[in-house]
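Letters A, B, C, D, E and F mark the chains in the order given here, with residues in each chain numbered from 1 onward.
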Amino acid sequence: MDVVTFGETMVLFNPDSNGPLRYAHRFTKSIGGAESNVAIALTRLGHEVGWFSRVGNDEFGKYIKSVIRGEGVDVSRVVEDEERNTGLIFKERFMHTDPNIYYYRKNSATSFLNVDDLDYDYIKQSKILHITGITLALSKLAREAVYKAIEIAKKEKVLISFDPNMRFKLWSKEEAKPILLDIAKKVDIILPGISEAEMLLGINNPKEISNRFLDMGCNTVAIKLGKEGCYVSDKNSGEFCDGYVIDKFEDTVGAGDGFAAGFLSGILKGLSLKESAQMANAVGAMATLVRGDMEGFPTTSQVMEFMGKEKYVDR
Amino acid sequence: MDVVTFGETMVLFNPDSNGPLRYAHRFTKSIGGAESNVAIALTRLGHEVGWFSRVGNDEFGKYIKSVIRGEGVDVSRVVEDEERNTGLIFKERFMHTDPNIYYYRKNSATSFLNVDDLDYDYIKQSKILHITGITLALSKLAREAVYKAIEIAKKEKVLISFDPNMRFKLWSKEEAKPILLDIAKKVDIILPGISEAEMLLGINNPKEISNRFLDMGCNTVAIKLGKEGCYVSDKNSGEFCDGYVIDKFEDTVGAGDGFAAGFLSGILKGLSLKESAQMANAVGAMATLVRGDMEGFPTTSQVMEFMGKEKYVDR
Amino acid sequence: MDVVTFGETMVLFNPDSNGPLRYAHRFTKSIGGAESNVAIALTRLGHEVGWFSRVGNDEFGKYIKSVIRGEGVDVSRVVEDEERNTGLIFKERFMHTDPNIYYYRKNSATSFLNVDDLDYDYIKQSKILHITGITLALSKLAREAVYKAIEIAKKEKVLISFDPNMRFKLWSKEEAKPILLDIAKKVDIILPGISEAEMLLGINNPKEISNRFLDMGCNTVAIKLGKEGCYVSDKNSGEFCDGYVIDKFEDTVGAGDGFAAGFLSGILKGLSLKESAQMANAVGAMATLVRGDMEGFPTTSQVMEFMGKEKYVDR
Amino acid sequence: MDVVTFGETMVLFNPDSNGPLRYAHRFTKSIGGAESNVAIALTRLGHEVGWFSRVGNDEFGKYIKSVIRGEGVDVSRVVEDEERNTGLIFKERFMHTDPNIYYYRKNSATSFLNVDDLDYDYIKQSKILHITGITLALSKLAREAVYKAIEIAKKEKVLISFDPNMRFKLWSKEEAKPILLDIAKKVDIILPGISEAEMLLGINNPKEISNRFLDMGCNTVAIKLGKEGCYVSDKNSGEFCDGYVIDKFEDTVGAGDGFAAGFLSGILKGLSLKESAQMANAVGAMATLVRGDMEGFPTTSQVMEFMGKEKYVDR
Amino acid sequence: MDVVTFGETMVLFNPDSNGPLRYAHRFTKSIGGAESNVAIALTRLGHEVGWFSRVGNDEFGKYIKSVIRGEGVDVSRVVEDEERNTGLIFKERFMHTDPNIYYYRKNSATSFLNVDDLDYDYIKQSKILHITGITLALSKLAREAVYKAIEIAKKEKVLISFDPNMRFKLWSKEEAKPILLDIAKKVDIILPGISEAEMLLGINNPKEISNRFLDMGCNTVAIKLGKEGCYVSDKNSGEFCDGYVIDKFEDTVGAGDGFAAGFLSGILKGLSLKESAQMANAVGAMATLVRGDMEGFPTTSQVMEFMGKEKYVDR
Amino acid sequence: MDVVTFGETMVLFNPDSNGPLRYAHRFTKSIGGAESNVAIALTRLGHEVGWFSRVGNDEFGKYIKSVIRGEGVDVSRVVEDEERNTGLIFKERFMHTDPNIYYYRKNSATSFLNVDDLDYDYIKQSKILHITGITLALSKLAREAVYKAIEIAKKEKVLISFDPNMRFKLWSKEEAKPILLDIAKKVDIILPGISEAEMLLGINNPKEISNRFLDMGCNTVAIKLGKEGCYVSDKNSGEFCDGYVIDKFEDTVGAGDGFAAGFLSGILKGLSLKESAQMANAVGAMATLVRGDMEGFPTTSQVMEFMGKEKYVDR
């Protein structure tokens, strides 16, 4: 298996019309989850990926499993919780501003994800373990599981990739900062957004941020700069990599997860840091071209065609 | 105000198609709640009714308020909870069996309904206070609020009506039985289903059940017998009252709440026990003729026409 | 009660797709009416508002009542007409041009609204009576009711607010002009659009228009200038107040009604002319951000946040 | 042309859900009209048919024309009214009882159908003119047009077929009876339902009813007896013809129009009275197998297969 | 009859949502076909038009016939194939790029259209025969039918109009080029797009292209230049005619067919070359304003209003 | 792997309304295929199953793969055809009669399934190879693949299960009979319907049919008798096994596939012939309780509960 990842995926209800949710009559069901997005995106790029979680032993948990499995991701380690519900998200969309999110995830099955849910050998046999800050924020139990997974990976020399994915609805800056920084010290690859990095380090210069993370022990740093692309670095080098210009996009959700998947795919394929960054930018950009979190993730040939067609310039 | 009632009303999501929920794509939003059903049914029968609750200060809470207010019920005492979500229900329908229900109501706003949410004068100025066993099952806080409301009503000589409304998804027989019996001793009118009465008293003969409740201190007992109608009694008399024969019905949800509303309406209008029972049977039957919990509740003139048109026979 | 208003609200059918209506298969039901929009917008801003009308004693009339009541507006004085239908509107939308409107309101219940439908005490106890030119155009009976309502308000020292709301589908310029001008002489607050003012007075300079209306006897004039904002004046002062710049809007319907509600809210709260104008601009702008006539009307805290966030500059 | 007919066809809005219309959110557009149903059913049976009317010069009128023309009916004589709207119908469906109908047809374009809208030669060149009592009920103008059309047909020796089609929402028994009887005296073929015949003649025995109509001057009488089939007679003979037993039907709307079309088709094809009656019964029965007024009308080969497959017995 | 045309019209399925078709749940049925578009557009402009084809004797074939007949086009010569299916198209839409098309038309009924399906007199009595390159690409049989139709038209002095309509999904440049050029030599009016002309002739200057087609024997050439409008010429003259500027359009499908219809309408009405070109530009532009292939085609009065309202400038 | 099966699965389009398809506006996409149904049903009963096919390398093919994989079936051997489309089915539903089926599967990708698409080791490592008569009917190539698969299975001592699944739309009795009989001689388990058996053997007595198949070389015969249940036999015994009585069912599609899956599951679990037959009856019955081909297939615990709850009696 190339990559193993885990975290909370919820059933997502999208209203058929924009505006305050009280006026929405009908909702369409899909799924939403950062780690499963990364898993699906990597699978579509040709990698073997395993995702696990703790879901409710209910129709919504089975739905999540069947969608992710349908995309070709291994879900054999997903645990079904007999007592708790699968978490839910409701979106409220507006034309002029970002959507509001209503969570029903407190005490969800995944917030009871714990060290006993980890399969040592499953992590051991993977090349990369990908974790996010969302799981750290879910509950004390889930956080312990992340720490344990990192411990296993380090022991077994599995690369660890980390996306801080700060969620202010789940925890405050004060709660999050020390934990995210502590995790940053233990991982090989870190993929923060520029504002997340600023929150963690108090500085906003990509090069300085990079150096700080490298000093903490990270081997590879990729800082997401939104439309500007990213700044990537390792011990030897560091450089900006321009993003793709997208005139019309459907939905920015999934762009960060696509970035992570593109970057890890580059690493798995042995591409250079710069090439991995371009792949990351491209997969992230393509995710915005299709409505839905994961519908827009490309195959390798699609992303190659996209990168060839679109013009981009190195600084 | 004729009647005041309170309890949990949730946003109800109905799938567009029958079968396991994992295969349902779209859901339609409405509301569901026993006490608000009774309030709406009584309003449509011409009474002034107040319903209150604790809902989330969110779009779903506002939706619930606007629907119930739109039906003409006073919602001026509804409290909005800043911290907890409004509860949700998902239905899973099958053609050959009863629907499954998935609740997202644990730690909902209404489970934090408490004695401070009661408006003494609001209860005092009503003729009947209607309570149900569902609120007793929600949480310790909510149960205390029911006891306090009963205390107020008794002090101010407000009639108390009680529907045990046993919900096995919320509490077990062992938890429920002593509390429901304790409440039964404090109320004026009790409206149990025959199987609820059997659970509480261990007997299944309507007349004996009646006597037991009258002995406990109830003044009026109306035992719901499903298609058979009901058995009603007070200190002086007791009799069976046949139900209405419905060939094709859409949905039995709301029938019990319609029964309660019809019965209380009869009492408020000074009808005899027998006439109140017929009204209860009729409103309960009419609720089944229309899909949805409350869409089928009749106006007084509609129920009169229904009672005249349909044939029914006293035993 | 802070404001009382009355007029025609119809059931509005929106096609699911753009283009000629003959090709539209499905329609969604909602409501449309200028005066009920103002009533709902004022209620959401925290005022007590009554709206009345004559609707058909049919399902569509009951629907209108329940929606408006659900929003918290008092509908206790709505009259149900036993003989006439509730009016209807069908919209035909195009991407490149304004929607076409098809009315089924000739001889509707509201066109039989008459002086007997007025509750003297209901108007008397309000602070502001809000009327529009649409009701004047409905029928001779409805027009007489407007005149009578003005008479009551004047006698009882209730402020009168007037939005000319010219509708060329209901009457011609020749019919409308003398009546609108006659009404303008009787009201305290007039809220015309710039093109309506030009039609009535033959001039298009906001200051001159203001002076003319002040000379007729109005105390306050607020002239809507579209994206430019408005010009407001009273006996002592007059000034332009810039509008809010909205990049993407869903629907301009309801903007004028939001303007009226924002302005009256400012007056009721004792704000200055300038502050009331800003409130009017803001509520009008926010109405365009959400599809639907009334879904976008803000609460006071929402409009305050909006006004703080958006940049605007006085001339 | 084999048959010419005329009358009002309206746009029909069907709610997506059963129950009171105030709770219906979405409606689907189709058309409804007795005479156009007959025209479409006859066309599908292989005849050349012309239908005309006065519709609004609006999208709904154009829609009606295109649907009927799409079915192969000649609509070249349809008049577009520049001033009045096309009529509308809303259905309210219940599971346990017949649907309610809400009309928006008062002062509709078709109620201004008049003698000037008749094309003398168009009627003259047809073999049968088919009229219904609905057009007689629409307005004085429309009634005059019916009388005029009958006059033309009689003069030009065109057979006249008449379906009384009593609509209590359009006129009372008192208004209708003398006019329907007067028309009955002028036509060749009369196709009343048994209850219509009873209303007109005060008797309910099919044979007696037949004799009375034959005495008035009709040549052919076909009395619809619902599930029992029909009783057909002419000067020489009279007999019962059993109906087809339908276990599950979708919708009885269109059955009477199918009966008329089947009967006229039999006559046009030179079938015997009995064979025409069987054809009438079969087409009427088949109309109930498909939801919608006209979707279920069969082709000749379909009706033949249906008649062969189903068992029926002569009395 | 003014124009006769023939070709393949298919049932078109449009997904309800953008993005990869595997994620689309629901599809809406309509029709698509270049020649029927031209026929419908010409009918709406007031001409008498006949369209024929070979469709499956199935529900989809009957649907196509009823839609086109409903628009007023004569479909009396359409042949129903007992053995083959009616062809289908599925669209896959993206926000940022052109839709993908999935055909199910191989061995469709229309690909068996053949010389025996031609009605000599039907073609003979028309003023213009309009053919397209799509029919030439369908099959050898269909191509022979086109050649035969041209032969009939030439013999009977019916004008022949030709739109090359190159479809790369149906045949390659190598297959198409010699045949399209051969046809070009036989027709009176040719309406190529600029890139089609370039593919055929290897040159891209409109004037030169025109001259080449005139040299081949065409009498009239109208070269479509997209937003730039067109270049029209005959033996005597040639000029550019600017297109209409459309800010927001729904859908460019049908623009080319609208252009053809507008141009042929101008010729039928005896307009000058320049006026015909303006009409062609206008009808083509209007087709893009409404979603759907044919819903946007204007009536003559609508196109006149459009031409008057919109500013355009001759070079 | 417990079972390997292969065959054609198509994208299935269901109209939103009953009646002739020409009047259906919207269609919902799902999948349909007998062998994939068996694979999914077996997976839900806890077995490891592989299904393969040749699908188009298009969105519809990818959709089919993701749905079947999502249900937990191994699809690693599915071949994607670069040149042919994935097959389609359209259903036309009626209330009173069976649905009509419109296929677009001629020359579909699966009809080019061939011996090269077989993975020898994949078949070898399975316990049961399940084949159906549908694949035999698709094309000569597909038939050869079935023969080859049987050859592999026999050589490697894999049990062969065969459902004749006669499809008259694909081949005639004359074509089918010799081939189906030839296959029957090569398989271990045969699962014919009673009418299929009658077609093949010319007799209709279950015991005689059984004996004939046993004489041909089958080891186990299970004859489906519809509501009557089934007759099962092997060399040693034979008996009737009553079916489950279902009052209300949604859809009989999938019942036969459920029967096959239940029977094979019994065999894989080492149940007796009688017990396997009961399991087969139960799974088949449960498939009819939910709309859709596969949505109703039960888990083992669900089928056990169903068998316990329902009363059934051995003859």
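Quick note on the criterion: a residue touches a chain if its C-beta (ideal position, glycine included) is under 8 Å from a C-beta of that chain, and two chains touch if they have at least 3 such contacts.
No experiment lies behind these values; they were computed from the predicted model shown.
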- Option reproducing the contacts of A-C, where over half of them reappear, out of D-F, C-D or E-F: D-F
- Message: Let me check something: if the centre of a chain is the mean of its CA atoms, which chain is farthest from subunit B?
- Response: E
- Looking only at C-beta pairs in contact, point me to the busier pair out of C-E and A-B. A-B
- Note on the structure: CA centroids of subunit A and subunit F: separation to the nearest Å works out as 41
- Task: Would you mind pulling out the distance in Å between where the CA atoms of subunit B average out and where those of subunit D do?
- Result: 49
- Task: Would you mind listing the residues of subunit B that make contact with two or more other chains?
- Result: 20, 25, 66
- subunit F contacts subunit E in the complex at 13, 20-22, 24-29, 58-60, 62-63, 66, 85, 88, 92, 102, 104, 106-107
- Task: Report the residues of subunit F in contact with subunit A in the complex, numbered from low to high.
- Result: 66-67, 69-72
- Query: For subunit F, which residues are in contact with subunit D within the complex?
  - Reply: 17-20, 23, 94-96
- Which of the residues in subunit E come into contact with subunit C in the complex? 246-250, 289-292, 295-296
